[in-house]
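Order as written gives the chain letters A, B, C and D; numbering starts at 1 within each chain.
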Amino acid sequence: MKRYLLTVLLAVFALGGIGTYYVHGAVHPLPAYRIAVTEGDEALFDRLVVTAFQSHPSPPRQLEISLAGSEYEHERSVFDIRRSIHPLEAELGVHARRFLRGKWASPVNFYLDGQTVVYAETQDVPAADGRADVFVNVEMMDLESGKRSDFRVLLESGVAGLWPYVADVQRIGEELHLFVEYGGEYRVYVLAMDGRLVRMVQVSLPPAVLEGERDGSVRMSLAANHRPQDPKSVVGILVKIYGTREDGTDPADGGQEAPAGGTMTGESAGDLGDPPGLTRMDAGDGPRLQRIDLYVYDYAAEDVRPAGRYELGGSTEQWYNLMTGRHHVLYRYGENGLEMLRMSLADGGVERFVYTAEQLGGHPVRTFTREGHLYVLTHAGDGSLEGAGITVLDLDRAAVAARAVVAPANRAAEDPAVTLLLEDFALR
Amino acid sequence: MIEIENLQKRYFRKHVLRGVSFTVEPGLITCLAGLNGAGKSTILKAIMGLVPVDGGSIRIDGRETALHLTGNRGQLNRYRALKVAFIPDRPAMPPSMKVGEALRFMADFYPAIWNEEKARDMLAFFELGEGERLGSLSRGTAAKFNLVLGLALETPYVLMDEPFSGIDLFSREAIADVFSTGWLEGRGVLITTHEIREVEHLIDRVVLLKDGVVAKTFDSEEMRLAENKSIVDIMREVYRP
Amino acid sequence: MKALLKLIHFEVRRFRWFLFGLMAMTALYQMAVTVVYALGERALRMPDPGRDPETIPGPMSVYHLLSRHQETYALPVLVCVVSLLLYAFLIWYRDWLGRGAFIYRLLMLPQPRAYLYLSKLAAMLLFIFSLLSLQLALLLVIEGIFSAIMPAEFRLEARFADLVAGNELIAFLLPVSPKVFLQYYGMGIVLLLAAFTAILLERSRRPAGIVLALAYAAAMLVIPFGVILAGATGLYESMGLYINEIMWTAVGVWLAGGALAAWLGIRVLNKNVSV
Amino acid sequence: MQPDEGFTFEFNSREPVYLQVVRHFKVWIATGRLKAGQTIPSRRELAVLAKINPNTAQRAYREMEEQRLIVTEGNSPSRITGDERVLRSVRSELLEEAVDRFLELIRPIDVSTDELVALVRQKHAARNGGNSGHD
């Protein structure tokens, strides 16, 4: 061995140094955290991941915190490319992988009723003159047997400059109803189960709405759905009205009466003052949102009807919305808390709820909605763990469903000099 | 016995060896002669597995060693190295090494067949010092040292590639003297040279290469006895059109 | 096995002065600049009646010193990295192209030629890891120098992980997570194997071998990195692959690439390489 | 038998080297430089001395043994034979061989035996000076 002293010493030096480094690292870990559920159902946080920055006096390090604990950005595998898993994978059971392979992740293209899953996706086939034929590819599977069938139907031919896409899929009896966004308007294609196009229903909104959309004073969008793949009877259409037209007429009224019960009933869970300074964005310059009319397309009636109206009085804030089943919800949030308007789909009545930062457990930083729940990420604003957590609101009950906090998971995280800034959160 | 059979080698487009066959017998000094570029060195390198050949077979004491006919296994190299010592036309050692270091290298890597005593004898015979760097040796001295590295290995066969080329008269004489010594006795020697006169009294057999094949193989003493011709006479007959 | 150790030792000895040179250069340079910078920072904080106390900077840790002078501290590391990258090629070519034509001797040694391949690989890894180890030791030295120069009242403590994080290049070379370290250097070894194999391919078919070697090298760069990049761009999702499938594909491609490189390299060394 | 004693070998390249070695030995025997019973170098030493390959030295010794010029008993070194008849025949053989070659050379020149003998006597006397006649 003595002859190889140089090599042996070099190897000992190399491995010893690097080994000591990692052993030291294991003995003195970086601060670690976890999500601790303090109230409500832990399952609501199952796939929740909070992104945060931890810093000492020294460099900020990005990390992700979940129920299982925290993982630093720099600990992530080189091969880990972190894409979300398909939201429907769990629901489709044993045949999920085979059926989902190669399909868009968006659940709006799916219909799922416990027996069958249907997937529909438009496909443009360009023709020589720059126009395109629009087909829809439909694939179905029996959840029990895994038996699959598929067909392809020509929806429109010779279409120019449009990108029609499927926004909702329903199966009603022996018919498939495809709600398609078709260049600023909506159409429903009704297909027989054997792949025949039975009929097309034009979703007819008042002409004033369409006109307003053309001149920019009105914007249309589909209401967000908490479970787009579920069977449903209606599709919500939001008509956002910004100011009035030059001739003074209401751009979107279309001569219809305001829906019954369209007045706002205040029911504050807390008081933010009026108007509550919630908005995180700089108010002022953006277009002023006067009101939102909610229309619903009814699959059974194959017709559209107004469902209610939110009066927003020239709001410049960012509003988020969600259909929850019996309700449609509109909400915004800011440093001080969260304001929520809830419309009953039955009668169009609107209730207002306000949650202060105190009630939420901290200042809201981010929100998202999922499955009839509104998730609010809160923090203290000063990098401490005080107030850092997630509050989940049940939108139908308009009540706090669950609450979790970001808690230290090792000694290093309890060091008061360590700060943690919550950045964002999402379900994986 | 080293049996070369139907050896083929192409370099790019040039067909250098077109089916060369001959044998190297134990105890005999065989000289591989040919004009420049006839592929003499290539044959020696091929025997050592230093260049792949395109066809043919190379058997060393019965075992096939041609790279293209043998598997991807490591034992072959050892077998070959213990059977055959190759003395290339330069020492094939880093120039920064000292003579003594190079000897230690050989002793270290060939523990089974390195004859330290022989190496010392040859070093004394050639009057070489251990402290000199290989890079600073003259060509003649380097060639002598090269011989030491190869011949101190107790192998049944020795291959020498142009041991006399480009060196001074006295070094050539000293190297030629090696052929008279016991250092080569009993071993099968294959030597290439284009300075045949240097060794014509020393070699037992001659293999003449021409146009990529063996033009003539003969025993030099038999040839003198039977036809009263010198090696050079035969070479003239073969190579003069 | 003993023969392999001998060969490794031989390769280490051949490079030792250059390695010690790199080590000495890195050590002296980083220590010297630390002295200069630390003295400068101390001077800024010393009470001076002529200066407004408002302008006196607050306390600092050695992390700040390192992160403020990124390029300065990275320079010798970069020199080491580039030297070793070049030597990965030189470790073979010096034997072929050097005056001694040492490759004759190496190929003839009475051992499997695979040992040559492995010894050069092991020697390269020893050089890499000993330089990394030296850098770790130097960070401690730097901290010591800083602590010795900077009075305690101006000094903040720093965790060792932060010292490493202070310089981006050093942080990259010595990732905090051992898992990532293994992945980086695992990939590095695969690339090193690929480089070795490309060199041997070039050496086995002259003059056409260079084309073969370049084609091989290109494939070995494009395919393994392509798998990762394509994963990051979401290409696989449109192909219908799931995340863990993509991950295992990438891991598989890298492992297969490394295995193929080693197998091909040793095979070429055994059967095709030409002096 | 050492090199400084003047035992040098010179070879031409058209005759077998081993036969040339044998001839060298015969000359030294005929001229008395090698005496009956004298030990001669081993094959190895001869190879070094003559700068020939040991195989050739071996062959020369075998040839000399066959011609009974040398004898080897067991492991002891070879020596020049003590057999006077053999030694004498060496001398006459060399002479005859030389004369044969001489005659072969002059055959193209048309010369009578008497003229030849006279010329030989004259040249021989001139070379050997006053010693002629005392042998």
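Criterion: a residue touches a chain if its C-beta (ideal position, glycine included) is under 8 Å from a C-beta of that chain, and two chains touch if they have at least 3 such contacts.
Owing to the predicted nature of the structure, the values given are computational and were not obtained by experimental measurement.
Counted by C-beta pairs in contact, the busier of B-D and A-C is A-C.
Note: the chain lying farthest from chain B is A, by mean C-alpha position. Chain A and chain B have centres, each the mean of its CA atoms, that are 80 Å apart. Chain D has its Cα centroid 36 Å from the Cα centroid of chain B. Chain A and chain D, compared by their mean Cα positions, are separated by 116 Å. Centre-to-centre separation of chain A and chain C, using mean CA positions: 44 Å.
Shown for chain C are the residues in touch with two or more other chains, namely 6.
Of all residues in chain A, none touches two or more other chains. Residues of chain B in contact with at least two other chains: none.
Interchain contacts link the chains end to end along an open line, per the touch definition above.
In summary, the structure contains touching chain pairs A-C, B-C, B-D. Put simply, chain C touches chain B in their complex at residues 3, 6, 10, 14, 98-105, 107-115, 204, 207-208, 266-267, 270-275. Taken together, the chain B residues at the contact with chain D in this complex read 27-29, 176-177, 179-182, 184-185, 197, 200-204, 221-222, 224-225, 228-233.
Only residues 5-6, 8-9, 12-13, 16, 61, 63-64, 67, 126, 129-130, 132-134, 136-137, 156, 158-162, 164-166, 171, 174-181, 183-184, 187, 228, 231-232, 234, 237-243, 246-247, 250-251, 254 of chain C touch chain A when the two sit together in their complex.
Against chain B, the residues of chain D that register as touching in their complex are 11, 13-19, 44, 47-48, 50-56, 59. The residues of chain A lying in touch with chain C in their complex are 3-4, 6-7, 10-11, 13-18, 20-22, 24-26, 28, 30, 56-59, 61, 72, 74-83, 85-86, 97, 101-103, 105.
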